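You will see two complexes here that share subunit A, one where it goes with subunit B and one where it goes with subunit C.
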Partner chain A sequence: MLMAVRNQFKVSLLSIKYAIMRELLNKVTFVTNIVFMILNNASFIIQWVVLFSIKDDFGGFGLKDVLILWGLSAMAYGFSRFFFKKAFSLSETINTGKLDSFLVQPKNVLLSAITTDVEPSALGDILYGYIILFIYGMNLKNFILLTIYGMTGGLVLTSISVILNSLSFWFSKTDVIADTGNSLMINFSTYPDGIFKGVVKLMLYTIVPVGIVVYIPIQVIIEFNIIKLSITILFTIFIVCLAFLVFNKGLKKYSSTNLMVARI
Partner chain B sequence: MGIIEVKKLSKTFKVKIKEKGLKGSIKSIIKPKYKTISAVNDVNFEIEKGEIIAFIGPNGAGKSTTIKMLTGILYPDAGSIKVLDIDPIKDRKKLAYQIGTVFGQKEQLWTHLTPYDNFKFFGAIYDIPESRVEKKIDELRELFELDEFINTPVRNLSLGQRIRCEIVASLIHEPKVLFLDEPTIGLDPVVKENIRSLIKRMNKEYKTTIFLTSHDVGDIEKLCKRVIIINNGMVVLDDTMDNLKYHYLNKKIVEVKTKEKVNLDDTDGITVLKDKGYNLKLEVDITKKSVTDAIKLLNPDNIIDINISNIPLEDIISSIYKEGI
Partner chain C sequence: MKKYLFIFKSEVMSDMQYVFNTFVGFIGYFILLFILFNLYSYLYTDSSEIINGYTMNQMIWYVIVTEILWTVLSGKRLCRKISNDVKSGNIAYNMNKPYSYIGYALFGYLGEIFIKAITYVVLAAIMGFIFLGSFPNLSIMSILAVLLTGVLATVISIMFIITIGLLSFYIEDSGPIYWVYSKLILVLGTIFPIEYFPIGVQKVLSYSPIYVVSYGPAKLFVDFSFDTFKNIFIYQLIYLLIAYLLASFIYKKGVKKLNVNGG
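Showing the complex of A and B:
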């Protein structure tokens, strides 16, 4: 069992390595994608700096809190898009019969399918997270927490995408639902949770779990709390398992196609 | 016991029916209609170790669906499959270690990598230690004559070279059964011949059982000793190639060039296919008339040249597709 898990990770890492090698074929594009993503994220912070020059407090968040909120959101987004890019277009993989080549291999189909490509600009998001941490206050504790939360957030974003994209096994054109779900997560994760009240707030801690993967982590980074840390980790484990469950259930409905496709 | 056992295998697909135009599209949203297509219907066969079998049929006959069920890609609706005594549905991963697949229409190789890097990747997929993968690559690069392009990115290879690499990639883990789905599609006759001889060598050297689907009669005739024909989801013929030829080659084509014009009409057992005065083309049904009888009718002294041939295998297969036996 342990050996199988080790071998699975080895293959997934090798797959990511080869995908990076493909992106590095054009080094200039690779680097500019990263740099421009950092600049793009920075431009949003400028808007917040302007807003904070008018008002000191937004939903209980000061400028530094908003900075780390953006840093963490960018990291989670970057982590998911860099390592699991194909999770966000999984419905296309399902609909065009591209799962065939993964199904005939003795490895986990989902992991194989979502690790065959990387998004270079997402590396800019990850780096942006650490740059923000420098501005916020770099120390070992914050570095470890941001890294952990970047990973848990990324895994949750990936899992939500896998769950919604897996609906393609049952229904057609579900990519729109998946895109909407992902957009909801990203949009809410860049605003202080204090500005949301009532039903919206309840929604952010349940069906659009931004609260668990972004707001609670911000609270932990500001003031460490082991219970809150555990909540996020347990939720991540739960949603990752759910993603595997839904995907594997859907796999039984997979109908493949005879379209001519190439692995690119 | 066979290496592949298929019993009462069935698979249906539910397909949405849409009426034409925008109105039809809106109607299909409000009240969708579906029809059930039976892709594979009660299919049974057994394949022995080391066999090369041709699994053929017209487009949409159910070949790909069957091969996909045998390899664990699709779930059957009914029936049972055992490949090397493994159920592809229950033990997909276990089976994957034992089988190889080449889909002529679907690339499995990373196009930006060289064949060598791809083979190493496949080695990792099948948990083969580095040293063993190196040894296997060396062995296969020699057998498949890959030296010239083993370090060239796959995207720069010709189609023939790429297919050779696809086959090698599927052999890295020494599979006991190899599924080849139209491996020679789009290849020129020289490359096709080359791929066929490699498949033959592979079967001979490694005793690999080969399950081949192809629309190319050359593949079937030159590689396979047994043929299974599927049409409308059902097996319509499962026989040896020799039997197929023996039973269905009961018609001969006789082409003659004569000194003087011959007036010959269709008679029982002889059909005039072409009559150009001094050149005649006849079809002789040897169950009714012998070729000698046909020649006697033409007067042997009048014949300058004669050619007697079998009906092409392609025509036999086409007639089986049409008639469904």
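Showing the complex of A and C:
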């Protein structure tokens, strides 16, 4: 079992490595994408500088706290889009019958399908997280926590995308639902939870788990708490397992479209 | 002009097949507005407070209008389409047709977003009324003026995005330039009105495209005056001319560099 997991991990890493090599064929574009993504993210600093010039705190967040919130959200987004880009267009893969080529491989279908491509600009998101950490206060503890939370956040975003995109096994036109679900997570994750009240706040820690992947991590970065750290890690394990379960359930219903395409 | 209207009509007819997507897509707009509603409710201690010349209701209506302009446009999709046309060589199929590529792209895209725009305007008006309980005080003439500036703002935005997409003639991927352009429009003109920035920045912004593609129609909607309308309308005509000349210049220079290998 462990051997199989190790082999699968190796294959996924190789797949990502070749995708990166493919993107590096045009180094100028690769670098431009990364640099401009960092600038793109940085533009939102203006928004918060303006807001903090009017009010001193937003839901208990100061400017630095909001910056690290943005940094973590960007990192989670970057991690998911860089390593698992195809998870966000999985419904297209399913609907167009492109899963066929992964079914014949002696490896995990889901992992093979979602690691075939990388998004170079997402590296800019990951780097932006570390740049913001420098502004916030770089030390070994914060570096490790941000890296762990970037990864858990990325895995949760990917898993939610896989679950919503897997609805394509049962229903049509679910790509719009998946896109909406993803934007729901991203939009809420860039604003402090203190500005939301009542039922909405409750939703952010349950149905839309932004609280668990972004707000709790920020609290842990500000003040370390092992229980809160465990909550995020356990939730990540749970949702990753759920994503595999839903996808595998759906896969049993999958039937090929006999589409003949060449994967280059 | 007839041929461009035909292109527009064809795209509208085609888009009508995907009305479901438009309605589901509105959920994304609703979420964004809901977050901004919470943000401004937090910022304003009470609804009568005035910050930088805007009450809370005016601020929310302002972002409702600017977010319609922003979301309906979906500029990323248009930029990618133009860029892919250039990179894949598809643009060559349009070069020998009896129309201008820029006109084709403009009217085609206007057709694509037409149904979406009407749907969003109606739903956003209902949503705004539910959130705030009232509409801004506008006459029929001022509503028409807001609609006119809104349409012009969309046309100018499309022209600018076509220009950015056409930069793919010179660089491999124009997407990153679009990201920065769009985020500047979003941060400097969509989330806040120009009055939220320091005086020096306000002056720069009032001469920038942000004034005509985002701020103008929204400002008229929340605080209409004929003088402001006249000013915004003239600026929009100037920017429309600039955007068209810029797109034409880049296109004409770019096609000379085009090299399509078979197909």
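Note that in this section the second predicted complex is superposed on the first by the 263 of 264 C-alpha atoms of A that agree within 3 Å, B and C clash if a C-alpha of one lies under 4 Å from a C-alpha of the other, contacts with A are read in each partner's own complex, and residues count from 1 in each chain.
The definition used in the following text is that a contact is a pair of C-beta atoms (placed from the backbone, for glycine too) under 8 Å apart; a residue touches a chain by one contact, two chains touch by 3 or more.
Values in this document were obtained by computation on a predicted structure and should not be read as measured data.
When both complexes are superposed on subunit A, subunit B and subunit C end up sitting side by side without clashing. Once the two complexes are overlaid on the shared chain, A:F235 sits clear of subunit B and of subunit C alike. By the touch criterion defined above, A:F169 reaches neither subunit B nor subunit C. By the touch criterion defined above, A:W70 reaches neither subunit B nor subunit C.
By the touch criterion defined above, A:D100 reaches subunit B but does not reach subunit C.
In the overlay built on the shared chain, the residue A:F84 is in contact with neither subunit B nor subunit C. Contact with subunit C, but none with subunit B, is seen for A:L39 once the two complexes are overlaid on the shared chain.
Closest CA pair between subunit B and subunit C after superposition: 8 Å apart.
Comparing which residues of subunit A touch subunit B with which touch subunit C, the overlap is empty. On the subunit C side of its complex with subunit A, the touching residues are 20-21, 24-25, 27-28, 31-32, 35, 38-39, 41-43, 51, 171-173, 175-177, 179-180, 183-184, 186-188, 191-192, 196-197. By the touch criterion given at the top, residues 7, 10-11, 14-15, 18, 21-22, 25, 97, 99-101, 103-107, 252, 254-256, 258-264 of subunit A touch subunit B in their complex. Every residue of subunit B that touches subunit A in the complex is listed here, in rising order: 13, 64, 68, 71-75, 92-94, 96-97, 99, 101, 103, 105-113, 117, 121, 124-127. Across the interface of their complex, subunit C is touched by residues 26, 28-29, 32-33, 35-37, 39-40, 43-44, 46-47, 50-51, 54-55, 58-59, 121, 173, 176-177, 179-180, 183-184, 187-188, 191, 194-197, 200 of subunit A.
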